[in-house]
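Here the structure comes first, spelled out in structure tokens, and everything after it is commentary.
The first chain written gets the first letter, and so on, giving A, B, C, D and E; residue counts start at 1 in each chain.
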Amino acid sequence: MMERRLAASELALEPEQVEEEEESAAEDFVEYYDEPGTIPGTLDLEEDALPPTIVLIDYNETKASRVVLDSPAACAPYLDSESVSWVDVMGLGNESTWRRMEKVFDLHPLVLEDVVNVPQRPKVEDHEDQLVIIARMVIPKEKGIGFHSEQVSFVLGKHYLLTVQEEPEQDCFQPVRDRIRHDKGIIRKRGADYLAYSLIDSIIDGYFPVLEAYGEQIDQLEDEVVTQPTRRTLEKIYQIRRELLALRRAIWPQRDALNSLIRDGSDLISPDVRIYLRDCYDHAVQVMDIVETYRELSSGLMDVYLSSISNKMNEIMKLLTVISSIFIPLTFIAGVYGMNFNTEKSPWNMPELNWYWGYPLCWATMIATAAGLVVFFWRRGWFENYSTLKDD
Amino acid sequence: MMERRLAASELALEPEQVEEEEESAAEDFVEYYDEPGTIPGTLDLEEDALPPTIVLIDYNETKASRVVLDSPAACAPYLDSESVSWVDVMGLGNESTWRRMEKVFDLHPLVLEDVVNVPQRPKVEDHEDQLVIIARMVIPKEKGIGFHSEQVSFVLGKHYLLTVQEEPEQDCFQPVRDRIRHDKGIIRKRGADYLAYSLIDSIIDGYFPVLEAYGEQIDQLEDEVVTQPTRRTLEKIYQIRRELLALRRAIWPQRDALNSLIRDGSDLISPDVRIYLRDCYDHAVQVMDIVETYRELSSGLMDVYLSSISNKMNEIMKLLTVISSIFIPLTFIAGVYGMNFNTEKSPWNMPELNWYWGYPLCWATMIATAAGLVVFFWRRGWFENYSTLKDD
Amino acid sequence: MMERRLAASELALEPEQVEEEEESAAEDFVEYYDEPGTIPGTLDLEEDALPPTIVLIDYNETKASRVVLDSPAACAPYLDSESVSWVDVMGLGNESTWRRMEKVFDLHPLVLEDVVNVPQRPKVEDHEDQLVIIARMVIPKEKGIGFHSEQVSFVLGKHYLLTVQEEPEQDCFQPVRDRIRHDKGIIRKRGADYLAYSLIDSIIDGYFPVLEAYGEQIDQLEDEVVTQPTRRTLEKIYQIRRELLALRRAIWPQRDALNSLIRDGSDLISPDVRIYLRDCYDHAVQVMDIVETYRELSSGLMDVYLSSISNKMNEIMKLLTVISSIFIPLTFIAGVYGMNFNTEKSPWNMPELNWYWGYPLCWATMIATAAGLVVFFWRRGWFENYSTLKDD
Amino acid sequence: MMERRLAASELALEPEQVEEEEESAAEDFVEYYDEPGTIPGTLDLEEDALPPTIVLIDYNETKASRVVLDSPAACAPYLDSESVSWVDVMGLGNESTWRRMEKVFDLHPLVLEDVVNVPQRPKVEDHEDQLVIIARMVIPKEKGIGFHSEQVSFVLGKHYLLTVQEEPEQDCFQPVRDRIRHDKGIIRKRGADYLAYSLIDSIIDGYFPVLEAYGEQIDQLEDEVVTQPTRRTLEKIYQIRRELLALRRAIWPQRDALNSLIRDGSDLISPDVRIYLRDCYDHAVQVMDIVETYRELSSGLMDVYLSSISNKMNEIMKLLTVISSIFIPLTFIAGVYGMNFNTEKSPWNMPELNWYWGYPLCWATMIATAAGLVVFFWRRGWFENYSTLKDD
Amino acid sequence: MMERRLAASELALEPEQVEEEEESAAEDFVEYYDEPGTIPGTLDLEEDALPPTIVLIDYNETKASRVVLDSPAACAPYLDSESVSWVDVMGLGNESTWRRMEKVFDLHPLVLEDVVNVPQRPKVEDHEDQLVIIARMVIPKEKGIGFHSEQVSFVLGKHYLLTVQEEPEQDCFQPVRDRIRHDKGIIRKRGADYLAYSLIDSIIDGYFPVLEAYGEQIDQLEDEVVTQPTRRTLEKIYQIRRELLALRRAIWPQRDALNSLIRDGSDLISPDVRIYLRDCYDHAVQVMDIVETYRELSSGLMDVYLSSISNKMNEIMKLLTVISSIFIPLTFIAGVYGMNFNTEKSPWNMPELNWYWGYPLCWATMIATAAGLVVFFWRRGWFENYSTLKDD
């Protein structure tokens, strides 16, 4: 950040993106961008940041070793050996590390920019003797639904694979590391391209548990939305739609990237690894399918929600109407016999008041009226609907 | 499952998908996925499961025999003979069976994975001397609408066809078996490719009865939604939309697979079977068409539902308004003559109370007011709408 | 049907589609399907049905004759002559007729199935020396809007055209027959391909009057939906949407079929007839266009309907609010002076009752209150909206 | 029309389209269609109609002349000269004129039909030595928004251009005529293809003023829909959607036609005119863009309308609720003290009535109740919303 | 404008677009159009306008100079030199300037028209030795969200780049100018194509801050729409949708233009600049992605808004129903004992009035009734919802 702010002042631009860190939701969508006019290849890193952890795993069919490196330069001897060297950089670190990395791996300035200035859109770029793959890994949240996403960049060479992770804490590569260490499966018999496939496969498969959590959430909302739709339900539906949109934006370009990897694949990927990638592509298509399906379901939920709310209003209105309709006429009758016309002035003035059965007859009239109205509403089935209201 | 959990612990991953079995609705949508990082080719089977039933039907133009096999190895002699051998595996069984199967049929590890780790997305894969087809069979529910779906995998070789069904109980292949047994049609005169076509055709045609049930359900909802829309109606519409979505996800890739089978068809499929497959493709397109049409209809139903609910609310409001509007003024009049102004203090204080015709005049006023309001509402046609409410 | 049920029992399947005939609306959408597993080429006809009417029109530039044939076999001599032979089969008849037809015209079993087992999706299939076209003819209903649709199948050979109509009653081919009889236009100078074009053109042009009826209906609904939306309006809109969906499903594949006819056209169609077909294709595109436009309009109508209903509710609510707001305060005032506080116990107890001008003042208060409220509502323009309600 | 009805009777068809002229809105959408089965090339013209006005403008670099012709035959000498001849036919006239025209210009019967039987879908057809372009010109209404549309057909030959306008009254070609007359720009230096371009460019540019009017209308509705949505607003929104649909149907095929003109352009169009057409194509794309944008805006307006109506209802309901909630409890209190329990029978019977401060205390209670409720509603901000209602 | 009005009068057209300047919102959408029939190449400029500011920056690897030019002619000597000449024209100026520019740069009349008659749709056109790029620059508003957009045209030659900006005030090119001046990055080592890339990259990156502002606005609306939706919220949502539509229309063709630049790129762009352009294209795709995502979010917000409004109405209705339902029965009871039946005439006439505990019993009844209703509503959870209403 330090370095970037310096650059900004040199360029005489207002530092208007300084508060960028505070927004949380918007960041899901706006990818990394240079301030307009920045020199291509500028890295947006804080110079005083700690250097990243660099782990080198070097293996061939017979042996596998794991070294934690102090400096990028220490990689150099491994890169040209026949054994597969996996250089795993965890955390983005500071600019000086990357300038040295640039030299050791002979990276194009734009590649360096894509790797470091996260987030970038997933893609595949073929740079003659290097294949650059930008991918996006999702990690489900510890509790509740939702996910945290992180960019993973791959630079695949003849005998080496450089991977760069945004955050040092978590990844989904442990099983692959164990397979290398314990020589499980065929990974030790294959080259760096198979390693790259294995890692990408882990990333794609990592989308399924996240999707499964959304599936359960949608199932649960399907009940909630019909039986007791509240404002909270509405928020949850919107939240799911929003996050599915973010997932879709992550997986869609990844699918395209895998497709171009299979189709116009470079020499760095051997034909039988391509078969494995096709399998991986199938999984990406499945992820897309599920995301689209969930999007349609959640959009249907919104319709159901609106209908449910209208239904509720009908029930409320019915209750009001029933009560009002029954008591308003009765109150009118009571009002009539509360009038003070002088019965002594005329035999026509409220003779009912002086009848022997006046009061009981008045009650009889009121009860009959009420009963008539109850029957009227009963026949239209208003009370049935009312009883369905009960079992909420 | 046993085996899988072992693998999970070896890989030091949380067994977070253990409760997966409980969800029912979500499973329609989330396809099978390996835990991220699993070795490609891992089979997710319980080692103590019973072995699957393996039935071999071997036929040529002159004879047909049916054998229930104990072990995959027993298939071997049939596979290279000139007669057509249909190896029908019912149920997924345990891993050891499949490891032997792998050897007998010389299956690629990824093919084995697709066949066993269900559900997979329908597809066609060409593996030189084998054609692998993943299909999805639907079986209508015994009662009510809805369906149960099951993966059927085909491995087509030169003289044999291996089919693998997820569940041993039910399939839609009986008519084909009968045609082979009784030598009906041309099936005995053709090769394994025609057999594969016949089975795929059965699967595709199996979608029609399911769709027909939805068609009837939609017809019925069309009435219900206008005449008496209830919360139950809403649930049914949403349910149909959801299931049509599932059907669409099953048929769409199957159509694509059939298309690629016809277009870039391997040598394993003879040109005149390709003509039959074109017919089968036409049917798949029809299924898609109907599914899309039903989706549009059910989405239209949701609009109608919402409008209907609003209509109902209007009727309820009208009733409340009519009753309130008629009785509130009357109650006011009764209230006026219930006031206790002292008529003796002033000739201006409620002289009506002492008139000879006071009470009858009061009633006359009230009746006139009520009649006026009734006429007012009558003229606006409120009672007409009200009578349409009656014939619900 | 007889024959089909036999087949069903042989195949040990439940005859679950027997009640199929009763549904009316769903049948618009579900195309014909064999029971899953049926032998390809099975015909679904009743053996005891009457044979179809077969009319043969044979013509060349100099003469034209019309013969009603007893049996398909009677066609044979005409088919190879140089003159154009139009064999028009009206009604589907029974299986034995078709088995003979199959031989006379040398039909592929799948073609026969497409022709007889209606409805099929419109399509074009090229069978070397025969071109098979499945089309769908619409016939407007005698009264009201709506249409009846019927499959017409064409088998075009070098010098003959076989057409098969589903129902014997009605078609739109009479003008073409007249043009042949009276030698109008160039039809007698051209071959069977031009005849096929003329008939297809009649079929496509037959969609326009049907669409025109929908156009008028939509025009009429546009008024109705704003001025007096009723439940009936809602049903009509949904009905139109449903029928336009059916029309769209009929015309869409027909347009595609025409397109493939022009593009990869077989040798059976001469280049200058292809120009005429291009014109016909243009018309099919126009039909599609209009159908899509009407679909958008009717979907807009649904929005307008919902808004209109809400508007109505607002008017009703306003009326209720006006009446309640005016009379509830008045009733309160009347209630106050109906209280029985003892005026003799205290000069503070309702002295108004004993005032000389008490009662008139009370009325004045009430009238002032009512007037104030009327002015209040007047200023907000509620009565204006109310007067617009009047001119419904 | 005369001639057509004759044809109809000959063909023994019901003249069911006679009332076609009355509908106004539907005609925007249904294109011209022959009665099903009509002979291709039949012209739908009234024989007793006046002949069209035929104006011939003949020019080359050095001179330009304008002649009003009596008869199509008079064109003949001009057509083969090296100078550019623009034959502008205004009005469709009668059939005999067109039969002569057919000979003079050597038109294909289907071309003649497209030119005369309006409206046709815009398209380009290449007839070897003639290029036929069907376009649709829009002319804004004199007052208010909306437009009148008219077909213009172009037949482009080597040295001539035939244009046919549906109506003689109005066109947007005057500026082009002036440019020819006054030799402005390069028009006199170029051939008939440049003339065709100039006229098509005028037609496409003629869409912009129409669109601008819709833009203003939408701007205006955007205010109206939020501040005072009435039923009239709803009608206007629907009207705009409908007319934009009509515009879209006019411009869409025109864009496609221009595209095919540029791409597979015939020899009749020189390469540098093709550059001009590319510019014209860009404009057509812009028109499409704007139409689509307006369609989205107007569809958004419908949503806003519905929300606005619901908002209004909320305000009305709030008013009713406030008034009812305040006065109903007060009326209850008044009702209590209007009861006639005999105070003399028991000290518990309504002793309040005989209290010295009874009546003032009663008022105090009522005022306190009302004040409490007002404060309650005030705190929830209901009066704020109410004041926003005021500034409508 | 002056010049244009002259032209209009010459062409005898009504000057109906004169008031064009007043509309503000519509102008976002309607691109520049000539009055129909205008001569191609007509420039719409005011002859008395000030000439534009022309700044020439000429640089090569060793030196860089900046000159403000008086006249276009002064550029001529620089254009053919080996050094890169950037001619930056700020403001559109008057026609005479452009006529001289046309000669100096040898511009095609249609290119000149595209450059001057703004706004045009972004595009790329290849004119042999010149590459013309029309782009659209967005500049965020000083305060609040929203943006101002401006056309920037590029004419790229072998050794020069002509850029034309619509407004002289603001641009986003300052950082590029600084990079040239201070020789930062590789810009001084590259040709005019790299300069063009740098400027286009600045333009595309300029979209991100604008989008970020919308992202924040949407975040904020997401809260507002659920907790306190007002009419203002509705306006804001609509406003965002409208502006995103405008952004989309700006970026979409720009992305296409970049794509065609990379794909069929002319000789004027060297292969390694094409790699940079690919990066720039990626950014344009990201902008598109974000715009589409925001459009979906804002469209979802509209749904949430409508649901929220309905929710509010439910709460209001519930309050009304609760208050009415409780007090209406109580008022009825009070009304009953306000009746005046003569207790002396009959022991059945309201004996309650004379009971010793009459009045307390009456209160007890009323309190029990009210309590019963409160419990009834409590159990249905109406008060819970009511308390959620409180925390608005």
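Everything below uses one rule, namely that a contact is a pair of C-beta atoms (placed from the backbone, for glycine too) under 8 Å apart; a residue touches a chain by one contact, two chains touch by 3 or more.
By chain, UniProt protein names: A, B, C, D, E = Magnesium transport protein CorA.
Predicted, not measured: the structure shown is a model, and the values here were computed from it.
> Any chance you could name the chains that touch subunit B and subunit C both?
Correct list: empty, since no chain touches both.
> Check every other chain and keep only those touching both subunit C and subunit D; list them.
Where subunit C and subunit D might share a partner, there is none at all.
> Suppose a student superposes the Cα atoms of subunit A on subunit C; what rotation angle should they report, nearest 5 degrees?
The best-fit rotation has an angle of 145 degrees.
> Please tell me the distance, in whole Å, between the geometric centres of subunit A and subunit E computed from their C-alpha atoms.
For subunit A versus subunit E, the centre distance works out to 26 Å.
> Express in whole angstrom the distance between the two chain centres, defined as the mean CA positions of subunit A and subunit D.
41
> Please set out, as single numbers or ranges, the residues of subunit C touching at least two other chains.
306, 310, 313, 317, 320, 324, 328, 331, 335, 338-340, 350
> Quick one: do these chains touch in a line, a ring, a star, all-to-all (complete), or other?
Its topology is that of a ring.
> Please name which positions on subunit C make contact with subunit B in the complex.
Per the stated touch rule, the residues are 10-13, 16-17, 20, 23, 25-26, 29-31, 33-41, 108, 110, 120-121, 123, 230-231, 234-235, 238, 241-242, 245, 249, 302, 305-306, 309-310, 312-313, 316-317, 319-320, 323-324, 327-328, 330-331, 334-335, 337-340, 343, 350, 352-360, 362, 389-390, 392.
> Going by the contact rule set out above, which residues of subunit D touch subunit E in the complex?
My answer: residues 172-176, 178-179, 184-185, 187, 198, 201-203, 205-206, 208-209, 211-212, 215-216, 218-219, 222, 226, 275-276, 278-279, 282-283, 285-286, 289-290, 293-294, 296-297, 300, 303-304, 306-308, 310-311, 313-314, 317-318, 320-321, 324-325, 328-329, 331-332, 335-336, 338-342, 345-346, 348-350, 380-381, 385, 388.
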